[in-house]
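Two complexes come next, and they have one chain in common, chain A, joined by chain B in the first and chain C in the second.
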Partner chain A sequence: MFGLLAPAAIDGALGILASPYVLFAILLGTAVGIVFGAIPGFSATMTIILFTPVTIPFEPTTALIFLVSAYGGAVYGGSIPAILINTPGAPGSIVTCWDGYELTKQGRAIYALAVSAIVSGLAGLIAATVLLIFAPPISEFALNFGNPEMFLLAVFALTIIPAAKGSSLSKALLAGAFGLLIGTVGNDPQLAQPRATFGQTALLEGVDFVVVLIGLFVLAEVFWLAYRGTVVTGDHTVQRGVSEVYDAARAVASRPAAFLRGALIGTFIGALPGAGADVANFVSYNEAKRWANDELADRFGSGIIEGVIAADSSNNATQGSALIPTLTLGIPGSGATAALLGAIALHGLNPGPALFDSSGDIVYAMILSLFVGNALILVYGLAGSRYFGKFAYIPIRYIIPSVAVLAVVGGFAVRNAPVDLYIVLLFGLLGVVLVVYDYPLVSLVLGVILGDIAESGFVTGWLLTGESAAAFLFNSYIAIGLLVLIALSLVVTAIKN
Partner chain B sequence: MSSTDLGRREFLAAGVTGLSVTAAYGADALGVTERFDEQRVTAIVPWAQGGGTDRSMRITTPAWSDRLGIEFVVENYPGGSTQVGGEELYNADPDGTTVAMWNMPQMQATWLFQNAPYQMESFDYLGTHHWDPTMWFAPPDRPYDDLEEFVEYARENGATVGITSAIGNTALSALLVAETYDLDLTIVNMEGGSGVRQAVLAGDVDAGVNQPWAFNPDYVGDVLALGSHTAEPQDLWPDTPSFADLGLEDVPLVEEGLGQWKLVVVPGGLRENHPDRFERLAETYSAVFDDESFLTEAGNQGGLDEILEYRGPDETAAEVEATSQFMETYADVVENFIYDE
Partner chain C sequence: MTGITPPVVTVAAGSRTVEIDTGELLFPGLVLAFCLFYYWDTRALPELSMLYAGPLLYATIALALVTAAVQAVSVGGGDGSSDERVESAAAAFDPDTDAGPDDEGIFTVRSAALLVALTAGYVLALEPIGFLTATVAFLAATLYLFGERNPLALAGYSLGFAVGVWLVFVQWLMIPL
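Let's turn to the complex of A and B:
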């Protein structure tokens, strides 16, 4: 359908990148993305949506490179509050909280932030390389990932629920089932008939999982912080030295397999239409735990650096690969790329098979800008980690009101619906209750995120395969492979419990 | 001073705040708030960013703003098959500061099949934007070349057909073809244009129903274009026969043409209560279609310039009524599909 690398277009792209305006756009875009990504509720999707109108007066190449850079920065930025205040800035950073925040509580926020910056930047570079070289064959492969395969992928990700952070299996499953139930609110995906909307028009679109996320994680954490009175727990002291950054570099260098596994999982999942960083970081974390020896596996969630590496190497790798179906087929791989698709079209480019032929130099300039942008994440992240890290340890009388305000603003900004503010409050209170009774919050969020993908994949796939269980489950070799993974995951869980 | 007394700074802060609030409300009460020209116009899009309606609105507002002299802010309200955005428009003040780009027959479907609180009469209509006919596509390896052959194939084997939404023009086209030729079609909502495109490219469906511009004309030659639900062929996918060319006139709405209109709608009452503002909005909107930069932008959007079709307020209102009538005529077809399923 389309060719591999085009040297002439790459040559033109390098010329574009040499422009000081374009380089400035990358510098600024990455910084803007990091800042907005770090605000709870302002995901990469919202960052792109917010800044698209701002870029309209600019020349398309500069504008699109700015937005692509902001996208990468925002995915990384989401991990900063996840590590500092147990508050994922974006859905792709939920898992980062598990070990990242535990490290912060041990006084090692700078160490965790520096590791996050290193693996985010490097994973982004790997995904950019894959996009540059393998975009055409991967986009064709992604097309084979149909509805049954998306359903099975969601089920595979759901098997992580029992593994989530050491709660009892029954409580994890119950919280996950409640999340799935929340995911059914809104118009059903086939016939557009409302379910459990209670007359609220805004709920026709369902309960947005970012809103649930803000309530459960951000607001509930504000309540807990007020109760605890301090971030650091136990006898730990806050580590502030530059040696934390060196330790971080050594930690990543001594775990190349863990880093590569996360980056490759992120690259693979990011390329699938409909799945992004929010799914990738769960799968990556679960795989890291599965591949670890028993002693290490038991320590996941207690503040080990392997957990941060698994989460942040996967979420940033989705950026480059999510652009593959977006640019080559015009099919967005995630919410952020759907927003980017709109921006690309708005700037006069027509995403699809002819894009590489008609605007090859611009497209390759966007791809090459990912290399600069991800290198910048490394620079900004490492240089900034010592300063970001101090935020976690400022007096909580400043943290609590500022985070609470951000939670409300972020909750409302998701879709300008006042009802979402009540949902944030409701889930904030529910989050406290669930923690008191030892129900894992993440299982609930995972249910909400995956419920939509699973339902849509199941209903559509079931109809397309003639309502035959055999045809559905054995739809392709990919489906069979996913079935094997699901079976393995369940067997391991059963044995461990 | 007791501990509850205000300090000087606090007193000043409270005073300034109080005066500001009083001034704002007082000005509003006395009718000295900003004039229409000094406000911004909210442009509602009832779909997510990046789709055809969003792109159409965003390339239109700059040229419109130049002529109107007022800035536009595009806001997306996706959800409920456009009902969320529809209610946002319905609840807006009819003062000229809110417009929406909607599409029909999706618009009519929200009040016919979803119990939306508004009706056709709840809005005023500024003008149409473009018309994208309903078109059938198929994976390239299928044993049929046009819709006539597809009908024969489906009669023998049954077939799966992907549509973009449960209650729009693509659903109606699939249901009308199935009913006319008594076909056993499994009609599957792929939840959007890109879903249909992906299903056709991957060969997951036997046919997909979409619009030629929405499908993306860059795919001409990569997929089979089986036919368009019209009497005359259309321009974007050359060599694609119309239903009439294929002798499929028995399918309803071939003569009228079944497609998707994009149109600009304002809250009802604007035309009556503020005729000057309505006229100004309508005139400046119509002038957009002569704007060179807008036409260039439309050309860059995969050939949108070729399907632009502006009609004025009265013609648009007539088109809305005609579409409402045929949607009501075939309401039972859609309802049977929804409730049987």
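Let's turn to the complex of A and C:
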């Protein structure tokens, strides 16, 4: 069936995947992701962002597949410290702590870790299938988007975030508009006149959004970590042995409905812009509780395996579906997908509706690599969670300075421009302000990312439609549909507030 | 909570009071400052260069003003009793610190502020004193700040990590740090 949709691209992708380098990139990427995900305070977003500069010398396919694998590994890895030391490795694993850590206290850490690995890997496979089915038709449809539609799509992406996240409309729009404005810094696309470049030659090409991402999602996170700290509690006796893993497999096999529910919730929420693993695991846990009988519902949080299944089946499922809007429309819905899009752009591919058309083989190879990667999560998780678990105990006082150094070095490495060091620092500070005052970080980043698309879409569309607002806005049925969607998301936000 | 909360300024105007949460003004204020610079920097550009950026600039200014007005300012009742007062986001913000007794006093606003200062110093020092020196000094200082007191661990980790990063980025990736 898939072969009919894009035979050449799939063939090309399978060829790419057969390369030993690429397979090694998946093996290594998944392991690197799990290790960094397992370090408390290190999210999937940070892992992708910090490894992006390191992939620069590699060819795009290998580099991007490495990063996609690291992404999946890191989402799973975040659950390891949640279970072992009651500290989520990332926000997507907060809920995993509730029952996972209780199980550790009962001496059943290996059992909980094994269940986590099984449901994470399987849920990831389900979401990857959804991605493979839905991405091609959506990307084909997106090829019909003209200039005005691209501009409206950017506006829609910015308006749906407060609707999905429930944050203040004016704050989300302000963050988004500020991001778009940052995106216009540099030479304008028509006459190449410099705009707000502070006299910096490097800024003539604009503010690189990978640099902005490093500031907002890595350095700001480190500043924040310095204030928040974390908890590391003592060791617990751990039951070892194969029987724990066998028990884990039986626990999941006997609860297929619980697992499927979590995986589907995660897949659905992951596809929404602005909501990712952090939202999915809360929703999934609450749903699991709601569907349970009274006796079981009361025991959630006391160390039951249903809680771990609910949390971890949902968070890994968000990866595959979050890639749908990212790869087909060039609209990332979360920090992690924004980071991945940054890497795609850094490697010279054009993110946006044309991505499938121009680099179909690479995109399909990325999608297919998810199947290998998630199967690997299962293998790594079952065989080595005990070893990966060691990374959960790295003291936070070592993590803070190390990540700060990597943020600064990585910011510079993106394009070797000293001015980027200051941009990382500025956005690091700005990120703290945004988090404290509840502005959605994703809106700002999305603004910067969509800046170019929005500007060229607006300017070219405006000139082509005869500089008339009506002709521009009602350019096509797609444009009208997007206008309706924009209006809808504004109404939803207004109702939510 | 160990946080700092920007003050809420109350202005009495006749019988009514206006309360301004200065913290909520922070981001809109920064955006406005950037917009002013942007306007000043681009005022001489031809219209075509600003076809998109111009309207966007005005929209951003408008959003900043609206956000500042909606989020920061609240009008109190006649007697100044502030039952309608806006809840300061910073005050309401509780990061849910689970820090155990040992961690108290290490992870505070003060240490976060010091980390910001150290990072700024590190960025500034990179060029004049070189990557390795600056990185080792930054790592050691930050480790000390967050409670590492063992001199061997301090020196070993700072040196090891800096050399590791130097090997990867400078030697392998050829980044001219």
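In the analysis below, the second predicted complex is superposed on the first by the 276 of 497 C-alpha atoms of A that agree within 3 Å, B and C clash if a C-alpha of one lies under 4 Å from a C-alpha of the other, contacts with A are read in each partner's own complex, and residues count from 1 in each chain.
Everything below uses one rule, namely that contacts are C-beta pairs under 8 Å (C-beta built on N, C-alpha and C of every residue); 3 or more make two chains touch, one makes a residue touch a chain.
Just so you know, these numbers come straight off a predicted model, no measurement behind them.
Residue contacts after overlaying the shared chain place A:20 against neither chain B nor chain C. In the superposition on chain A, contact of A:256 is made with neither chain B nor chain C.
For chain A, the partner touching the most residues, choosing from chain B and chain C, is C.
Residue contacts after overlaying the shared chain place A:53 against chain B and chain C alike.
Shared-chain residue A:341: touches chain B; no touch with chain C. With both structures placed on the common chain, the touch criterion links A:466 to chain B but leaves chain C unconnected.
When the two structures are aligned on the shared chain, A:416 is found in touch with chain B and with chain C. When the two structures are aligned on the shared chain, A:190 is found in touch with chain B and with chain C. Contacts of A:171 after superposition: chain C is touched, whereas chain B is not reached.
Touched by chain B in one complex and by chain C in the other are residues 53, 56, 190-191, 193, 416 of chain A. On the chain B side of its complex with chain A, the touching residues are 48-51, 54-55, 58-59, 62, 73-81, 83-84, 87, 113-114, 160, 165-167, 186, 188-191, 194, 197-199, 201-202, 204-205, 216, 218-219, 222, 297, 300-302, 337-338, 341. Across the interface of their complex, chain A is touched by residues 2-3, 23-24, 26-28, 30-31, 34-35, 37-38, 41-42, 45-46, 48-53, 56-57, 59-60, 63-64, 66-67, 70-71, 89-90, 93, 95, 97-100, 103, 106-109, 111-112, 115-116, 119-120, 122-123, 126-127, 135, 138-139, 142-143, 146-148, 157, 161-162, 165, 168-169, 172-173, 175-177 of chain C. Of all residues in chain A, those touching chain B in their complex are 1, 49, 52-53, 56, 143-144, 146-147, 186-187, 189-194, 201-202, 204-206, 273, 329-332, 338-343, 345-346, 348-350, 352-355, 415-416, 456, 460, 463-464, 466. Chain contact summary for the complex, chain A toward chain C: residues 53-54, 56-57, 86, 168, 170-171, 173-175, 177-178, 180-181, 184, 188, 190-191, 193, 195-197, 219, 222-224, 226-231, 233, 396-398, 400-402, 404-406, 408-409, 412-413, 416, 418, 421-422, 424-425, 428-430, 433-434, 436-439, 454-455, 458-459, 462.
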